[in-house]
Every structure is written in structure tokens, then in C-alpha cells.
């Protein structure tokens, strides 16, 4: 696959790893947060931790859209199906997240609720066209990447005058989340704070939309280097090297590793579309981060009729996070998956307790699925030592 | 022996009706004119409720699988050929020679007879090519909405004629070599490309094929094969994890050595799927002692269905029965079972 | 975040759609969010939408930079690990 | 060998989900905790995709049937026990000793796990009682609405250990006696009484039962039995017509000799059905040379499942292969196949 | 079954048969029409023809409700499903009758149309209750027996205010049909007419509703003896003997053999219910008989809203009878099933061409299913001669 | 015409329904069309409705008449056929 395979080249990857090893200073520790779940997934899938020196620590951030949606919003989605009998369309990953009662949309579907996985927002519009007598709601989640497609769906539904279509909007904003994180006591109290953050691996695809500009504030105000990074292993390794170099140099700049798709200004057409349809919510509760001001979108007055929250009476979003689940701390970088008591016992991808165990971008799922051998210490070392797979 | 029916079935415009499953003359006619005509088997044609098998000396093996695939026809195959290949392969994975199949059909009222006829003829062609006979069957019809068009359950019987063979999922031992017979994920990608809400075009065809010929060459070359399995649902990941758990071992494979077609990789990137969890229907995983790996690979590559066979790793000791993979870049990760169903990943 | 892949525009279609090739897989997607696309252009494809253009020159430049870093890194110190 | 799963299935409130058929850990768990636990078979528990059978010397017989019955639980049985009995009986009708079953399940998303567990345990109890082992199986899950709760396809294998037996549908000869093993129509009436839009109460229970024990006694007493068949779908009418056509003969039976329970007659009068077309699941029709009819009848009546056995008529020459019946009043009529499906008659 | 088994007693039956043989006069032929399909079925099912002397000939009349409904009315029912998308509820027998294009309701159902078999009209009302968002039509057919249940369903739907329920009414009247038959040239022209009719076996259950009174006219005006007869074999045999005696005696009276359920006045409650809901149609086309004046019912003005014919635009009832099908002649008694060229070749119960091959009360179906061995002359005699079934 | 069977009223139920026994089969049917029924009465049951009352005395009388006709017939002439 062009523009993918090149960035998985084994020789270059090992070369970058060697360059990182060469670049790190013996006395320095490099605590790098990858904000985005895409990076979390790429790191786990390609086993990149094995290539990095011990002083480089990768911290998973709150950038998995499935993970950060609080339980209460999922309860509202479930109520749309169970109480209002709508056809609920959503992306696949959303279907396995447990709500307050431990019930997921997949189970609601198994019960008989009409929940449909869509690949694109246009598919949801097509469902509304095909079922004029049914209310069809698109359960919209995600950061700045998925927002323009949602806006396009509404534009199309309006053109088709599909009055049975509406959107349950849960779109959230990356910069607000980063700022909330940087402002949190965990991070801010640099002496007592439990999460030392030395730099950010910045999101690739979000930045194709919002551009590199919004990160300048973090670099300047919080003195954190940011490298906007692609999702292939060479991208990540190069970005780590770039961050190591910034840290070594005492710089705090916004650099764009993913220059092949990210510009300074981003996709202004998409930005205009979103700006014309949505207003900022005064506050929105995130899983892990709690209420974050101006961190999410809702339909503006002109588009209010497309808002499922106004169309249907829904429970308030005060759902309780699952007991014992450390997703919140994990999303803030305070804990790692293996620190959760439920990890791998009560909570597995087959029966996730928290959202972080659902999406393959979730820290717990990524660690369980790809990384947990690093934990299995007993009787394992032999195999690790003797790992070469060819017989 | 049975006499022709007053009017032949209307294969161009007719539909399956409830009466075709009600045990009357309409059912017998459906069976005669569609299944009897397709399978042309003297035992089946006798019209008894059971078949007398003629079996060579050896250990008898039996397996069953249901086929519920949507869409019924996909690039490279259809539910009929698949129902033969899948079951023939499960028999063959024990080293047995597959000989006989039974076929149980569950049909939805309203299914076009033309579709059923095409499926039956595809099954018959696949059975003929694989050298197996469909000797007994059953037809049920359910109300419209009671099933999704057609479900087929085939059961296969075969005989292990070579006394030396002892092939089972619990026989993998640390040090053994792990081989696959060719590229992975072709079937799953070919089928997903046809799913209404995914709809993409790809040159990939399902790999659906009967592997008994390949297996015959393999066991002739290396009678000491420890385990064989076709990585169907859940893909290579599921099969390796199953074998690891059955044998109480770990597995270590190398990503660079796993054969994948570029378009399969493309489709998996697009849909966010791990190709190792995508189903295959004409591939096998084999495990053999390391000293026979070369001979086995040679035997596989000499067969048309094994030309892209590869050694992908080896069995290791591991208390957790993990399947691990060395990634392209030299890192490591677990290859876990598929969690949940194979939902295309968006985020 | 959010899964996206590079794809090559094969043909522009009515209604701001385009036929694209993503690693050998052909799919019709919306290009309503990206201006002035032409066949041959590469885009970043996400949930059925082209989200942005992919700049081949920048892509090559990044690879060249990586190669350079590797060389520099190799020069800097002997292989460890 | 397989390790316990982090949380056991919730058998009281859980439902079948798509993941239970996706080939991952959830599927293995469902198979282990429901089917493995119910069937307790060492071959099944091995977890291979096929079973190695151990067979006595003799001719091997195979049969398959799908079970799609609604409602799943009915007076006297359920789809699980039925799926064992029906297939055991088809094996037994050849004179073979049924030994092994395979079981293919097609499950609808949303099926309560408690129901599935009850079905599996009912199957296991039926298999145990019939002396057969469920040695291999398969589980598929289809989307809600893709099937009607649960479909089961069982395939049976058995062995004819007595060389003298030659039992087949084409062996009836003019003059032969026709016997049935008991009252007819019980199963169909018991099931129809539960159908939503018919809903009546009757003391009748399904006769669903494994007939291999009865058959063993019968073939021991009369190895010269010509034909046996269980009159399931289409009832006695279908079975006699099938045998007549296969053997190229006619049949003449006497209405007064056909055993019927009064409540079955009542239900048939009420619904306008001919009890001869109503299905049975624990009865058989046997045809034997006239000189052995008494011995066969005695053997049948000595078995608990044959206490109401009766000679109901005899095979005759007839170019049209008609099945005729002398009515209660001494008139004659044809006993034809059921036409169309069994729609209760109103007018 | 009490009041059934007694009337199937073999000894009494044979006794009655002997009495009939004893009663018939050598020079006389007794041409008796059983009007009702129930009798046609009973005669075939019990093989009664074998018990009667050759001079007693039983002629099947137009009393099978499924048989007499003309193709065009079935086309209207099909249009309700295919064009108006209604849920059509009807009795089982109706489902296999082919319409103009050879298509039956069963096939319409297999195509995806929502056609449901009901056992009782109350079930159709329950369907309407269960599907308030769908139009539910009860396809009502039959003579005076099935009309009161239809009226009860409307009464109930009205009480429940089920506005989605309506009835496609095809109820027809027995006396009108008998009169039409007696007035037809086939019968009337006693010299050239091809259907000699010496007496009627009158319908049992119809008469429980309408009573014995309406038949007096035929006995008196047309000089035809009528015996209202139950459906058990002894009933039929006794009635034959009663008719033989009337004919021998030159009487033409209305006698009630089925006295256990038929009174002179019938069920006046049911009559009143029907009279309050329906008007006579000026004319109604019957299969076989053609247009018969005042022979069918339609909703009166008060109940017009329950009439599916008024609620839905339906094709006119001019459907063409299947080519080559002799149902019409058979229903008039002019032909017997075996006279039809299609009988047993193109037309069998599995794939009926005409309506008479559908219901087990239809003459063709009854003959095919139970009686056709009487035709199989070749190689059959031996078996007939040697029929005794016990080995 | 139209299939109907004799049934015995077991119990009267609300809404003009009754529980009846038809040859050992128990079913709830409408008795709205027949007046003044009591448990123990027999009715003619058709498509879920009692269509009329069945008079046991008349039923016996018919049987008696048949028996009489049989005797008379047997007296009239010797057995034929």
C-alpha cells in the first residue's frame, strides 16, 4: 500500500531505533504522551516499545474517542433504542462499550433493538431513506476527524428532506482535552504530580483537519514540545527521535512529522462546515477528565431540528462509571492498564468493564491484545530469551 | 424408481414454498429434481432415510459444519461449494481421506428455485472435484423471515488409511515448525467486499478449496505431521491460539513470513482489521517436528494449492500459551483471539 | 486518532464522490471535504470521506529525512540492544 | 486442557451474541460451558475439528436431519431431544446400531443462554438414554431475525453388525405384512396444540423417542424384515407412499386397524386434518414377509415402545403404487401424500 | 369423540347399505346431489360410493366455498397484499387457490407478502390489535356458517375501535345457489338437460344457522326431495335411504336427518346479527354458476367503513378462469373430475389449476386424493379383486 | 358445508367465551352466537364459534331410527354385494 509500506520498512525502523538509542542522554528520562488512540494502537501492533530504550516512556493519553465518552452518554444512546424505538446507527467500535447496567449496544441489539453498524455517515442517511416510517438516529462520536462527516450527513439529510433522521452528537475537541490534562493536578504539580510529561506525540488525522496551529499554545504556554505524527511505525519512531532532540535541546516547539498530510491551517473547508453547524457546549463531561469547559460540540440554532437530544426525551448523562474500573486514571496517564485490579480478570475484550478495554485504540485493549506478554514474568523469560521464531 | 411428477419444477421463476418441506409429493419432487439431479448419487437416489457407506480399512473420522454465509454467492465461490470444501477440509485435517458427505438444507420460503438449483449444482461440482459423494440429505423449509435464504449443514466422513498418522491439535511440541499453505485472509476479504454497507471492489477471490489432495501429498511426504487445522473463523490467530491451548504450548511466529496478498493488506488497513483474524477457506496450518519442516514445505509447494506455503514460526514453551509475533520492525506482540465479532474498526 | 488510510483518486464522480484506490481496494467515497481534487491525487480516507490531500513530495521528503536520521544515528554511536 | 474463562457465562440472564459465533474466545467458551458441559464426551472435549470414531465390524450407515421445530419446547419433548431421537431413528431404521452423532447449531442472536443450555442438556440426556455419543459439533450465530431461535442439524453414524440384515425401502414385496409400532399422530398433535393461533389443550404428549432399542429386539426376532421407516413429516401416508414407490408396489391397509389415540382423533376432527398425515417422532412402520408378521408383532409388543404395535395391512401388486385403505365402513379410498403443507382445514 | 364415533359404526353402516340395496327399485336411477363440500369430503373419505348400489349416483354440487369463489375475487385479495401492503388474514384452504396469473396467496406469501392463516375470525382481530400501524384485512369467504363469525369479528373490532381492521367480504347464500342450479338449462330442461337431479342431500351446518325452512320452496316448487344431512357416514347413508324412499314414494319433502342440530327456524340470534350488518348484493359472480342474483352479502351502510372493498382501490372482479379447467361444469354437476382433460396431469393438489383441486371439499381434490383408484383400470383389477388388507 | 365438530361445554367464561371439550381436546371458543348455554350442553363448533346447540335426545333418536332402518332393511331383502 503506497504511503504505508514505505513507513514500515524494517531496516529504516531499526535504524531509527538505533538513532534514538544513540540520542538519549543517560541521565534523562523522556516521558512522552501519545494523545491519540491511533498511536496507542500502532505502538502495540508493531511492538514499538521493544525498540525504544528504557528511558523513553510512552504514556497513553485521552485520545481514544470511544474511551472518553462517559457512561451516561451511552445510557442516552441505549435509551434512544430501548425507550424510543429508533434505529440507531453507529460506528462498530461503539457497539461493545458497556453502559451503566453493564449493557452494551450489541446486547441491546441481541435483545431485539435495531442497532446498526455503519462504515460511513452516508450509510446512516441511507438507512433513514430506506425506512421513512422509522426514526433513525446517528450516534455520532469522535474528535475533529469524524465531525465533518457528521456535518456532511446532516447536509445531505437536509437536501433529501429526511425528517426521520437526526444525530445524537458527542463530538469532542482535542485542544480542550490537552489543555485540561495539562491543567490537571496530576500533571501540573511538577514536583508532586504523578504524571511527568515531557512532550506530546500529536495526533495525525485530527491535525489534517485543524492544522498545526492550535498546538502552538501548548508549546509556548506550557513549554511542552509537540510533534504531530503519522500512524506508521517509522512515523512514530521519527517523532520520538524529534521529541528526544527537542528535549535534549531544551526546545518546546510544534513540529510536524506528518507533513505529508498536515498543514499549518488544516482543512478550512471542513472547518467552515463544522463552524456553520455546531456551537461549543459550555461544558462536557469526559470519562477520566471529568467536566471540561468548551470541549464538545452541539448543533446550533439553525440545525437544532437535527439534534436527537432535543427531539427525544433522554435520561440525563449522570451515568456512573463501572466500579473498580481505572479508565479515568488511565486516560489521564496516571495509571497503566496493568495497575487496574480488574485488568485481565473481570475485564477482558470479550467482556469489557470499561471503555478502554473495547476499542483496539483503548489503552487496556491494546495492552491486553498485543502487549500483555510483557507482564507474564514466570516461566516466560526463557521464551523471551529464546524468541527467534524460525525453527 | 420414483416416477416423474406431472409438471417439472419451474426453475426459472419458481420459489421455495412451505409445501417443499412438508413431507408430501412436493418435497420429494424438490429433492429429486434439484438435489437428485445435481448429486447424481446412486445411494442418495435410493430414497432411503440413511445411506449405507462402503469404507476402506482404517480409522473413521467424522466432522460437521453449518454454513450461513451472506451473501450466498461471493467472488470465488458460493455457499454450496463452501459447504463441501469446509467439511472436506475438516475431515482432511486429521489426515483422513474424505469419502462421504451428508447435506442438510434449511430453506427460507420464497428462495428462488433457480438459486437453490445453482447452489446444489455448485455443491455437486465441488464434491466431484474433491472426490467425495453426497449420499444422504435433508430439506427443511421455514416461513419467510425464519431463516436467511439458505443454510447448509454438511457432515463429512473419511478414513485414515495410513496407520502411522497421528494428527491432532494437542500434539504440538516446543521446537516444532509452524507452516501455512498460502496467503491468508483471502476468503474473508472477498466476502466482506460484497457486504452491503462495506461494498468495495477488490481483485481478491475467496480461496475456498478442498485441501484433501494437498493433505494427501503432505502426509505421504511427512507422516509425522503433528497437527493440522484450517484457519477458518477467527483466522490464523484463532487457529494458533486453539492449538497452543490444546497442546499446552506457546507459538512464536514472524510477521514478515506470513504470506499476505497486497490487496488483502489494503482491505484490512481500510477496514481496520487484523488480517490474522480474517477467515480462510482453502488454507491450512501444519505443525511438524523441525527436522521435517523442509520436506513438508517442499511437498506443500509442489501442490497447486500450496505454492505459496511458508514456514511462519515455531512452537515454544510458554506457560501462558501465548501466541507471539515478531513484528516487521523486530518488536514483539501477542497475536490474540479475535475479541467480539469482526466489526470493521473506524476509530 | 481515528483510522484513516492513504488512497489514490481514480476518477471523480457526480455528487462530490470519487472512486479511489486504497492499496488495491477500489471504493467510492465522498470528496466533498477536499477542494480541487484531480485523478491521480492522493487523499487521506476516513469513514468514507477524503479528509485531506496527501502531498507526495512531503511524503518523499519525510522518508529522505528518516534515511538521513538513520545514517546520522548510525554514525553517532555503535549498535546497542 | 483449555483453561477456565475469566467469567463464566451468565446462564440465567445472558443471551447469544454475534461474538459467540465469531471464532474467538467467546465462541470457545460457549462451546465449552454449554455443549462441553452437557455432552461430557472425551472426543468432543479434545477440541479438534473432527472426531475419530471407534466402530465395531459391520456395514456403516449415515443419516442427517435438520430440526427447526416451533415451539422449541412442546409437550413431551423439545428440539434438543427431538434432534437426537429423529436421527437415531433414521440410523436404526436400517437395522444399524446408532453410535455417534454430530450436532450443528445455528443460533439466533438474542437467544437466551438458559434456553440453549436447557436444549443442550436435553440433547445430552436423550443421547445418553439412546446410547449414542455426540462427538463433534459446530456453532454458528446469525443476526437477530436471521433464523428462528435455534436450528439443529444432527448427523448419525451407526453400524449394521448383523450380516443377515438387508433392510431398505425398495424391498417390500406383494404379500408382505405392514406393521406400525403404536398410535399415530401424537407428535404432530402435541406440537400443534402449542401453536399460537391454534392453541388448544390436549393430554397428548409427543411420542418423541429413540427407537433403536425396539429395533434391536425386532431384528433379533425377525432378521428378514424388509423395510423400516419412521413416519415423521407427512405421517404414515407419506411413509407408505414412499415405500410403495421405492418398491414399485401398492399397499392396502385397514382403517380400523390403525392405532389412534382418541384425543388425536379429536384434534384432527377439530382441525380438519387426516391423522395419517400427521407427523410422528417415536413410531416406525415395518414391512416383513407374511410368515414372520406374528413373530415381529410379538417382538414389538414386548418392548415398551411397541406395546400398541399392530398389523395394519399388507403389500399388494399395483401398477400405480397406490396406498389404499379399507375404511371403517368397508368402503375404500386412497391414502395419498399430503398435498401442500399441513394447513388446518376450515371449510 | 361423542356424537361422531356413533355415526361411524361399521355394523350400522353396512346395515344401512344393505337397507339401501334392498330399497332401490331395479328400474329406477337415483341421481342425488350433495350440495355441500362437506358431504363431498365425507363421501370420499369414508369410501361411501363402494357401499351404494350402482343405481344411486352422487353428484357433487356447488357447496365448496373455496371452489365457488371466482378467480377475480381472488385477484382482488392478492391486490390487497401486493398493491396495498395489507396483512391479509384468511382460512387455510383459501391460501392455495390460484388466481388469474396462476398465483396463489401462498406464493404471494413466499414472495414476501404478509398473508396469515387464521383458525378463527377472532385471530384476525388479534392480528389487527397487535399491528396498529398496519392495515389488516380479513378475507372472508363461505356460506351461512362462516358469516356470523365474520360479523362477530366486526362487532369486536368496533368495540375495540380497531380502525386498521376491515373485511373483504365474499359471503354467499346457499338457497340462491340451489335455485340458480335448478333454473340452469342443464338441469331445467328435463328432457335434454344433462344433469338429472332427483334429490338433494342438504347441508348440515348451513342449516343449523338458516334452519330447514328455506328448503321448502325447492321441495314444493321444483318437486325435489331434500334431506338435510349430517356429515358422518351413517348420516349420509341414512339420508340416501330417506331420499330413495321419497323418490320411490313420489314424495318431495324437506326432511331433517341431522335433527340433532338443525331446527326449522335455525339460529335466529345469528340470523339477526347477519341481517343487521349486511345487505344483499344485487348480483354476485360464482365460479361455475356465473352471475347469480341476490346470492351474496355486502356490508350495509352502517357498517360500510369496515368494508375493504370501499377502503381500498381494487381491480374489478373480471378475472379469467384458468384455461382448460372444467371447474364450472363440475360445480354445476355437468361433468365429473375425471372428465377434465387436466385432471391428474396439469392439475393436481400440489399444483392446482382450478379451485376444485384445492380444498379437500372440492370435487376434484376429493376424487384425486381419495377416489382416483377407481379410474386406474389397467393392472388394477387384480388388486381390487384381492383387496382384503390383512395378511 | 364447512368443517364443524360437536363439543361439550365445560365452563362459561367472560366475554361470551366458553371452555369446551371436543373429543378430548380442550379449547376456549366464542359462544356469543348461541343463547342460554350451560355447562354440560353440547354445541356444534365451527371456526372457533359455537354455531348451534346439539340436542342429545335428537341424536339418540336418529341412532335409534338408523338401527330400526337397518333391521327393517335386513328384513326386506337378503344381503347383496
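Order as written gives the chain letters A, B, C, D, E and F; numbering starts at 1 within each chain.
The rule is simple: a contact is a pair of C-beta atoms (placed from the backbone, for glycine too) under 8 Å apart; a residue touches a chain by one contact, two chains touch by 3 or more.
Chain-to-protein mapping (UniProt): A, E = Hydrogenase maturation factor; B, D = Hydrogenase expression/formation protein HypE; C, F = Hydrogenase maturation factor HypC.
Owing to the predicted nature of the structure, the values given are computational and were not obtained by experimental measurement.
Visitor: Give the chains in contact with both subunit C and subunit D, ordered by label.
Guide: Where subunit C and subunit D share a partner, that partner set is A, B.
Visitor: Among all chains, whose Cα centre is located farthest from the one for subunit F?
Guide: Chain centre farthest from subunit F's centre: C.
Visitor: Provide the C-alpha centroid distance between subunit D and subunit F, rounded to the nearest whole angstrom.
Guide: Inter-chain centre distance comes to 37 Å.
Visitor: In whole angstrom, how far does the Cα centroid of subunit B sit from the Cα centroid of subunit F?
Guide: Roughly 61 Å separates the two chain centres.
Visitor: If a residue has to touch 2 or more other chains to count, which residues of subunit B qualify?
Guide: 17-19, 24-26, 262, 265-266, 269, 272, 339-340, 345-347
Visitor: Can you list every residue of subunit C that touches 2 or more other chains, as numbers and ranges?
Guide: Subunit C, residues with two or more chain partners: 1-3, 5, 22-24, 47.
Visitor: Quick one: which residues in subunit E (Hydrogenase maturation factor) touch 2 or more of the other chains?
Guide: Within subunit E (Hydrogenase maturation factor), residues 1, 4, 17, 37, 51, 64-65, 91, 106, 119, 123, 142, 146, 348, 350, 361 contact more than one other chain.
Visitor: Applying that definition of touch, give me each pair of chains that meets it.
Guide: The list of touching pairs comes to A-B, A-C, A-D, B-C, B-D, B-E, D-E, D-F, E-F.
Visitor: Where on subunit E (Hydrogenase maturation factor) does subunit F make contact in their complex?
Guide: Within the complex, subunit E (Hydrogenase maturation factor) touches subunit F at residues 1-4, 6-7, 12, 15-23, 35-38, 51, 53, 63-65, 91, 119-123, 142-143, 145-146, 148-149, 152, 203-206, 208-209, 231, 234-235, 238, 241, 257-262, 266-267, 269-270, 273, 361.
Visitor: Can you name the residues of subunit A (Hydrogenase maturation factor) that touch subunit D in the complex?
Guide: Those residues of subunit A (Hydrogenase maturation factor) that touch subunit D are 106-107, 109-112, 344-346, 348, 350-351.
Visitor: In their shared complex, at which residues does subunit C touch subunit A (Hydrogenase maturation factor)?
Guide: 1-6, 8, 22-24, 29-30, 32-35, 42, 44, 46-49, 51-56, 58-59, 61-63, 65-67, 69-74, 76-77, 79-81
Visitor: How about subunit E (Hydrogenase maturation factor): which of its residues touch subunit D in the complex?
Guide: My answer: residues 1, 4, 8, 10, 13-14, 17, 37, 44-51, 64-66, 91-93, 95-96, 106, 116-119, 123, 141-142, 146, 233, 348-350, 359-361, 365, 368-373, 376, 378-380, 382-383, 386-391.
Visitor: What residues on subunit D touch subunit E (Hydrogenase maturation factor), complex-wise?
Guide: Touch list, subunit D to subunit E (Hydrogenase maturation factor): 175-178, 197-198, 250, 252-254, 256-257, 262, 265-266, 269, 271-272, 274, 290, 293, 311-314, 316-320, 322, 324-334, 336, 339-340, 343-347.
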